[in-house]
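In structure tokens below, several structures.
First chain A sits with chain B, and in the next complex the same chain sits with chain C.
Let's turn to the complex of A and B:
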């Protein structure tokens, strides 16, 4: 049949697609091993070396190329991502929990929340800066104005993840707890939360990674002290060296480490849920 | 009877308290800032200062200057092109992942493979296109070695083309995901039935597969539109400041403290965005599809 031609053809296409997707990253990794400090961010590779990686960790003698000024920015970004993660996950769980019941104006509230991921970051950043600068008259900081815009961006993601989880949630276990006289808050803590925990983890992961890499919102709203994406953006305007590519490889590896932690936590919570189910069966 | 009423009342009270923090946050840090942009776009701008005296000066300046109106058209042109390229590049992949791959594991693996590049910082992903597209970049090296070209292609970097290539790569996955999701939900029996009745693949595709995948296309198009319309980093880094999107104008205006002009451009961008999203939402009900 025709599908005998179409399927392999599409398979080849997907291989090319993956090449297109990964091409820049492969080139970036190759160039991060360029000779230093004289090699530029382009082909050909003069000599393979780990110079730029050593430079990031301060292991090279000073040269005409300054090391990337990323240390403090990295810490700020991590703190900001943690703050954002906690607040938007809490907001996401609360709102999604409310959406389990029908209420008047639910469509309006839904679109109000989802709007946060629809509005371009450059606009939220601009608006928040205008508000802080010209109306309230406060200074902009990464932990105030930028933090507010980050949550307004990641909260919708956490909300949608929790909504998807709670839509499939079997509420008879909660009703069982209520009928046994357990109050709603204890029920939520002891029954609902453990069951939706995998979703909470996903919401946290979403919020953390989106905030860590968030750039347009932070550009206007963060004021004087830069976060990591802003520091990277700062290198755009000056000459680019392979150290920025080495840094890109390292942050990607860090992301994978983060993903592994998420995977382990997820597997643990699934295993615990299974164990509990088995104990119930025995009882 | 009375007890159920009180339980319902208590529950709606709980619902209200669960919703208030989220609503307050989104109103204060999303709705009010956007309203601010509209408000400030009518403020009076002097060289170093801005005052709240209402004026249409910035608006007039926007519509009489070729730089500003030009950037509006550039934004719309780039948006339409990238929408088309992400769709063309993404659809066959989605078709393979969502419909042709029988094993659930393989399709999950393929989707994860598509998502992995997102773990590299967005700005570094943009920057990585420079050694890829440059005159001595990877693409030219490979093409020269293969003997396909004799001279390196120079229009690849610091042109509108490089912005389009970069954006296509960065955003095409947002097309693949929703389309593959819709395709995977198609009841295979319908396709079997059509085949038994003698329909060829082309006919099955246009009459069944494509129409059923349309909500996915629309959701993907919304994602891509939202991100491309608000872009400025890719165009800034890959066009050598030749391509000025509305986002780029906002950044330069804020950089020179021209808040009123930045706000006018912001309002224009909001309006464009609103029209685009409203248009897409007329085709598909987002809340139902999610």
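Let's turn to the complex of A and C:
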């Protein structure tokens, strides 16, 4: 009796969930194939075409609609995301490693780190820009002040991921390496790191994607040169054309590609993790 | 012993918060000696090994190894091998990479070819030839144990610490590994410190047995000494070979549930306990009138152990009284369940502890 009500109800719930999750993307995709350059971002589709995709890459004859000014912004965002990914992941691994031992004030430091993802982004961005302008007196750039806010924001995610991974890590393999005369640094490189690599990969993915579409912190902290999310936002204030949607589809595909690479690397290291789990079973 | 001591602990104390894991432990180990550490879980035996290996720093006391004070030397510079209970193999490496790990990444200074030669030699020593290229998830528990051992021995340590290394193996493998450990020790001249929770293993393997309880070393001696003359009721209890009776020692006699028995050579202890080895107990019909101690008890069940039979009797005080019959002494008597019998023994063979003793 119960399942006769609950099961369909849950089915509807999941359907709605999927609709809200992917609905916007579906609409976006459809409109991106609108006819150009006269078609606008509305239904119905006048005529299916790939005009707006070609327009992004400058393959269409000039028209009254300017090409998207994204080239440099995209490169800036990618470089910023890569920088953030590297720094946050390194910091995350190192600080999570430090938390394996109880140290004085560890609880305080923990909340200090996690604060970075709790504080409203606009406040962080505004604060950073005020700090840079009025107190320290340096210029704001995407690769200085904005970079700092991105690290402060993504580092806690990397830290928490690594904390969870290291929490389950059996330190006897490290002790075994030491007892074989291998120094702690080599032990970390040759034993610990390969075993926590799946976690490192997840931390990297978090840091990269969070940085790539970061908006509120970057808005105030990035100075003159805009990152991609800021540049996209800037085009909204003029007039919206389907080229924005075509661009959205392309970036989404890029994200999927990134996820696939992540999935492949993950599958490769899961084999390793399984080995470790089997060894733990014996114990 | 003192002249050839390779290893010495002096008053080592280790605390975890309020818990004293190791209390003023002093110990000397000779070259090529095999020492077993016996004690219940939480007695500090693993802590002792971890302090020796350098994984934990003691609060006080010194650790000496090969004439050097190594108390503050980090683990990777001590040159002391450690075999873990869970083996702690490197799961991302093959058998030969595991065995050669210390030689490759440590300060051995050996060339890759020499490392491989030594690793192959060690793998052969532990009887795993042909498995060099396997992942450690593709071998059995007993084989992993050998890899762990070969990995440690490849470094040619003078001292190897074994932390319940046989605990994870089944009984068959366990006895085979015991033999192999002995053989390896003969061949390589290594000093072994072996922590075990099994009294059989401790007695079988050790040149000397060290008994620990609540962080304190309570007896050190050859297996024979420990077995025949346990230093305290606790030792007798861990050995799992004695029926222990509470009672009272007074004027050279012990009075307990079995009546009063002469106890002329009692050992001083903080409480009065009367210990009778399982294989010293005799079973008589309930109508018998034996001289000396006699305890009326109900037969519960028996267990066949291969070379002997263990009979369990209920004398109405919590844990059963055990009586072991060695089958080499003849066929066992058959006892009726729920029937009463009279248990007796020669009081000369009992071990008595008491506050009164000197």
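Following the convention adopted for this analysis, the second predicted complex is superposed on the first by the 268 of 283 C-alpha atoms of A that agree within 3 Å, B and C clash if a C-alpha of one lies under 4 Å from a C-alpha of the other, contacts with A are read in each partner's own complex, and residues count from 1 in each chain.
Here is the rule we use: a residue touches a chain if its C-beta (ideal position, glycine included) is under 8 Å from a C-beta of that chain, and two chains touch if they have at least 3 such contacts.
Since the structure is predicted, the reported quantities are computational estimates derived from the model, not experimental observations.
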Partner chain in contact with A:98 - chain B first, chain C second, else both or neither: first
First (chain B), second (chain C), both or neither touched by A:164: first
Contacts of A:195 with chain B and chain C, given as first, second, both or neither: second
Which of chain B and chain C A:50 touches, first, second, both or neither: neither
Touched partner set for A:184, first chain B, second chain C, both or neither: both
Which of chain B and chain C A:175 touches, first, second, both or neither: second
Contacts of A:63 with chain B and chain C, given as first, second, both or neither: neither
Which of chain B and chain C A:260 touches, first, second, both or neither: neither
Per-residue contact with chain A, leading partner among chain C and chain B: B
First (chain B), second (chain C), both or neither touched by A:127: first
Chain A residues contacted in one complex by chain B, in the other by chain C: 184
Residues of chain A touching chain C in the complex: 170, 172-173, 175-184, 186-187, 190-191, 194-195, 272, 274-276, 278-280, 282-283
Touching residues (chain side chain A, partner chain B) in the complex: 1-3, 6-7, 10-11, 13-14, 17-18, 20-25, 27-28, 31, 41-44, 91, 94-95, 97-98, 101, 103, 107, 109-110, 112-124, 126-131, 133-135, 148-149, 151-152, 155, 159-160, 163-164, 184, 209, 213, 215-216, 219-220, 228-229, 232-233, 236, 240, 244-245, 247-248, 251-252, 255-256, 259
Complex contact set, residues of chain B against chain A: 11-12, 14-16, 18-19, 21-23, 25-37, 40, 50, 52, 89, 92-93, 95-97, 100, 110, 113-114, 117, 119-125, 127-132, 134, 136-138, 141, 169, 172-173, 200-201, 222, 226-227, 229-230, 232-233, 236-237, 247, 250-251, 254, 259, 262-263, 266, 269-270, 273, 277, 286-287, 290
Interfacial residue positions of chain C with respect to chain A in the complex: 53-55, 74-82, 84-92, 101-102, 105-108, 135-137, 141, 144, 148, 151-152, 155, 168
